[in-house]
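So that you can tell them apart, the chains are marked A, B, C and D in the order they are listed, and the count of residues begins at 1 in each.
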Amino acid sequence: DTKRVALVLPGPITDGTFNSAASKGIEAAKEKYDIEVVVRENTDFAQIQDVLRSYAEEGYDMVIGHGFQFAEPVMAIHAEYPQTFFVVNTAQVAAEPNVASFDNRWGDAGYMAGAVAALYSKSGKIGHVGAIPVPVIEQYNLGFERGAKYFRPEVQVLSAYVGSFSDIARGAEITTSLIEQGADVVTSTGNENVMGTIQAAQKANVSAIGTAFDSAAMAPDTIITTALINMDVNIDLAVGRFIEGTLKPQTYVLGLKENGIGLAPLRGFENKISAEDKAKIDALVTDIAEGRITDLP
Amino acid sequence: MDEAVFVSALLAAGIRLAAPIALAALGETLAQRSGVINVGLEGIMLVGAFVAVLMAVQTQSPWIGLAGAIFCGAAMGALHAYFSVILKVEQIVTGIALLFLGMGLSGYGYRLTIGMSGSPVAVPGFRPLDLFGLSDLPVVGAVLFGQHALVYLTLVAAALMAWMFRATRLGIMIKAAGEYPVAAAAAGIDVDRIRLACVTVGGAFAGAAGAFLSTAHLWGFVENMTAGRGFLAIACVVFARWKPWLAVAVALVFGIADASQIRIQSVLPMVPYQFFVIVPYMLAIVALAFGSGRNGMPAALGTPFTRHS
Amino acid sequence: MSVPSPDDAFIALRGVSKRFASVVANRLVDLSVRRGEIVALAGENGAGKSTIVNMLSGLIEPDEGTILLEGIPARLNSPLASVEAGIGTVHQHYMLVPTLSGLDNIALQLGELGRGRLDRAGLARRVAEVSGALGFDIELDRRIDSLDVAQQQRIEIVKAMMHRVKLLILDEPTAVLGADDKRHLFDTIRRLREHGTSVILITHKLEDIFAVADRAVIMKAGSVVAQADVEALTPAAIVGHMVGASDVQEAEAIVKGFGRAPRTTEVAEALCSARDLTLRRPNGSLAVSGLTLDLHAGEIVALAGVDGNGQSEFMRCLAGMERPSAGVVECLGESTEAGSWSPALLRRRGVSHIPEDRRRFGIVAQMTLMQNYLLGNQERPGLFRWGLLRAGRLSDLVAQRLSEFEVRAPGPTAPMRTLSGGNQQKMVLARELDYAPKVLLAAHPSRGLDIKTIRFVHRSLDRARAEGMAVLVQSSDIDEIMAIADRLIVFSGGRVFGPAPCESVSRNQLGAWIAGQEEMPW
Amino acid sequence: MVTAASRKLPAFAAIGFALLLVVGAILLAGADPLALAGSVVQRALLTNAGFLEALLRAIPLTIMGLGIALAFRARIFNIGMDGQLIAGSVAAVALAPWLPGGPVGMLAFLVIGLAGGAFWGGVAGVIKARFGGNEIISTIMLNYVAIQILSWLVRGPMQEKMRIIPRSDPIDASLRLPVLFEGTRIHAGLIVVVIVVALSAAVVARGRFGFKLAVVGQNPDAAHYAGISPSGVAGIVLAISGGLAGLAGAVEISGVYGRLQEGFAPGFGISAIAVALVARLNPLLVPVSALGFSLLYAGLGSVAQKGMVPFPMINIIESAIILVFLAGSTIAIRSGRAKEV
């Protein structure tokens, strides 16, 4: 029989990163599995419990909360609704019998991004612009710094925060300021602000590394590659296992091996990066996947 | 980095950050001077931002995009005016409704049009000008001669508005409508018509402010991209004591303070970034201790005008 | 009687009525004004005079009846329509925008000045012509809210005169004007009459009626009760119609005023004193310099002179609303040197204050009479218990004052703004005289009051004085000063004359002082 | 001449316009307007869950709405409730470890919240009273400052011991306001609401302070003349109003969340302004208005949940409902059912 799945998002599906990724994931799952899907956008903190409850009360079989802030409300109510399976993304909580969580290895993604950025940088300065330091963004940022030093210990990593997930204009200005300070490869995490960073890089003719969502088409001459956070994999796994009956109340941490993160193809930059560097990157990716890198965050 | 380059970059960034706030603040100055407060600026800016992108993409001309944003901003302003001037309902509540309406219309419109594909569209946005070919002059070049056309238009608008308030009968009529509408009416002035016009034009300014954000500062639209700038614009109006030139100046100070905190942030990574983000706001609070009060607030601001005093 | 027929009248009201909720302001009023005629409209406070003005100036529309303009029914449904019909109005409550300059206020209503740049220099020349003809000295460049009421009144009059009007309506234009200004104004009105302009003059001063009017129309309780050529009238006759007095003697008594009791207390303690007091206006100019004055218990001191010579600032300073820039004021044990000089402090000590600008300071127009009665009394014992109002007690008190002062109002919960100007003034008086103040600062206490009420107020002041109150009365009316004051002091052109006992100052001497001359010019 | 009577037609026109706009937009999205309206009404008025959700949200909105109403009566525009709410919450949570358990501690928790909010509002109050600084600016700016300081606190000194998520550790269970009705989340904050409504109503209707607020609001010159210091009153009412916001924050934390985190009262400040103005600044109407807005949110939430229309449509519907309400109120005034203000 058709399962009913609700995806609860903290932001709008048009943000081009975090929420868009989840929305695309659930769309893909809808094609693949026999499920009925509803997406709830822009769920603010005060509404979370009521939203989760009302889905559970309406008999949804699975409710996916997209973000760590869903963890606590889910834990508070899951026992009342044993018929519903709750899944939390980017958090590490679990409870019998019906709470599982999926977390991607953002730190590893950042590590790869940092390594690529360092290799590509001519100035020896690269930059990261975060929206607000929530855990996943902090992890990515840490990984970015360490990854950068992996190949070029002398690389200088600049970092700044926007103070908002949606302020794209300020995101762009912060990026510009890092570029003024010499950064020639930048990356950004968050929601809409990421687009600000990419635009600033585009206007200043420097390069950027995308996050979460392969958006190379947006700025083909700017985006070297994207440190993918494959939310669609989270969702595919959650839904698929749920339908199979193999989804356990546990935390699933998805790294490279599980395809929870990845590095997008180089596309337009295929010819701008030396074969030697490309080999280094490929080796690093394998090393991370095989657990041979010791300073992953 | 070379100090001169640093200062020039800082000022240029400050101007970019200030321009949309200054534009919206100018329009709001006009509306408030006539006695109507519009807290829904943010909603109008969003609609302006969206329409500018949509029409620029469709016509491949940012100028047509700007015109569309101005027109739609005026329409939103007229809606606010209709409720607050003709129906005489609570202006602040109408403004709040306008805020939601703008968020909704822009987001919905975006999803129905350019946002539908899910992949970004190239926006033919404004490029900074190169006035008299002088924008490459050291230090002052970019700041004085290398801004977006809208920045210069903002200055022209501020000058015109200041002149209007100071030197024309229309300006006096607007001030009278905002200060003591009963007396204005007794002098044979149609207070409601003045207010309708001012609020509508104020909306047009907010529409242009949105267009600046989405087709000059950035090239593209995202939902809620104004991120509180409408409210900052209102603060500017008040801070500037309802004077057009000062409103632009205050917005500029804000922009430069913001551009500065952005730059210090990455220089001092050990200090929590939040302390830098609050710098412009703290600056405003401290400066308030020197500004004096309600000086200049139109006495009838927020009160609908009905005859039978 | 020479009531014009509607045909040869410039303007005529026929059976006009106007109600406000429970109040009938005008009832079946018939009133006509010929071309080139000056009609005085008289009547008690609340008789309905300003309501007629408001209908003619397009602020309100009659409920029934018609207004004929040169014999043709006219609909004056907006101020613009009224202006276009050739009607110029000086309202009892000035229609001046407080934050604009006098010149800009005048420009405001001159539609012909177009929509482009305002030619301020040209306008100022035109204004100077008109004010010159009126003999008015006006300050065009200062904001209205920095001017005293007399200056505002002059600007309001000039504003109305800027148009070539066919009908000029003046609602109590002389309430705060000095004698000179008044004479100039009347001269101008007479000149206008020669040009065929009609004038409606509303005034509570009988001498004004006899000075300029051709005809007097007397209203009572919303209706016209009498009208006649001025030559055919006497002051007592007018008063008789106004108050509906049955016998002539009562009316004559009102006209004559009352005999002031001689001062009983010998020189008593000074309750309030100013030493070397210097006051400056916000723009830095000197308002009062080096003034020394004592106010004793049991005396009335008059502060005379043309308004605008520092009187307002002095009164406000005594009331705690302003601080001196030099010198000291001491009042009932408080001193400006102590640092906390404020209305709150002085009110607690027993200082009452009838403010010059009633609508700006003295009342809250939207509030009820009860709430207005609380204004300034909010800290007094008895009206609140545990911070909560004893509404019944206050309501009884206000009802009692309404009847004592014969205030024409529906009741204690009526909004203040619905009262006529004179009745508002009565409420302020009643409030400030309550609670037996020790010092009373009264600016133009009889401003806008009808003659009967003025007598009542004068008697009240006299009684208060007998009970040991110190009273300072700011007045530009020589008759009033001579009628009630024990001593007088004159501010004029930056100089101070007096204080001197009233008995020792002749009317002529007083006139000279007001004009700024040491000696009588003759 | 514009009179109440001649406003009737324009009001109907406005209602027609708003309805047309919404219906058109809904149809454009391929949804059924009637089903959608049904869903809103169903959730808001016909289900327990919807009503309880609304009631829960109405608790802080009422307390904050009262704060706005008091300040606005003096024409003091407190736009800074969000910041004051944060300040109160931070103060209460910061001091919570030192509080005794039980009712005393609970009360102390709320009072500290009140004090914290009053402090934050008082900053604007002092700027206003001492320096004449406009409260609209200061309160907007203090909002941003509070939000950023909270952002730092929950990642710095006040972060949970695990140091993973930006939030504080939970406060002691004995400081949590008890649930009033078994099986719901409605907590004892409701009692706080009743008390605050009663007090505010008394102050506004009969209180000396309420009188001073009104005089300052309607004629500051007359206030000065009458011995009421407009700036003093402004300062005090900003503190009171901030205190109520802080109280609302403490009530939310003690009654609902149990700990401090970012964004737990999103947009409440601006909602509170709408609540107070729709209630015409009348304390007795504030709870009604707060519940009305909360029911609206609950009803619209169901539309969002069912995914019936793209999300931004919800904002359009929300604004249309407010506009229809506003226009409708002018018709009611005209028919003499409501008093014109």
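Some observations on this one:
Note that a residue touches a chain if its C-beta (ideal position, glycine included) is under 8 Å from a C-beta of that chain, and two chains touch if they have at least 3 such contacts.
Everything quoted here is computed from the prediction, not taken from an experiment.
By C-beta contact pairs, the most connected chain pair is B-D.
Look at where the CA atoms of subunit A average out and do the same for subunit C: the two points lie 76 Å apart.
Put simply, the C-alpha centre of subunit C and that of subunit D have 46 angstrom between them. Centre to centre, using the average C-alpha position, subunit B and subunit D are separated by 27 Å. Centroids of subunit A and subunit D (each the mean of its C-alpha atoms) stand 35 Å apart.
Multi-chain contact residues of subunit A (touching two or more other chains): 12, 133, 163.
Within subunit B, the positions touching two or more other chains are listed as 107, 110-111, 223, 228, 274, 277, 307.
Among all residues of subunit C, those that touch two or more other chains are 78. All chain pairs that count as touching, in label order, are A-B, A-D, B-C, B-D, C-D. On the side of subunit B, the complex with subunit C involves touching residues 167-170, 172-173, 175-176, 179-180, 182-190, 299, 307-309.
In the complex of the two chains, the subunit A residues touching subunit D come out as 6, 12-13, 38-42, 44-47, 49-51, 53-55, 57, 68-69, 71, 132-135, 163. Across the interface of their complex, subunit A is touched by residues 1, 5-6, 9, 13, 16-17, 20, 107, 110-111, 115, 118-120, 213, 217-220, 222-225, 227-229, 258-259, 262-263, 265-266, 269, 273-274, 277 of subunit B. Chain contact summary for the complex, subunit D toward subunit C: residues 1, 202-203, 206-209, 211-212, 214-215, 218-219, 221-222, 224-229.
Those residues of subunit C whose C-beta lies close enough to touch subunit B in the complex are 57, 59-60, 78-80, 82-84, 89, 91, 94-100, 104-105, 107-111, 113-118, 120, 417.
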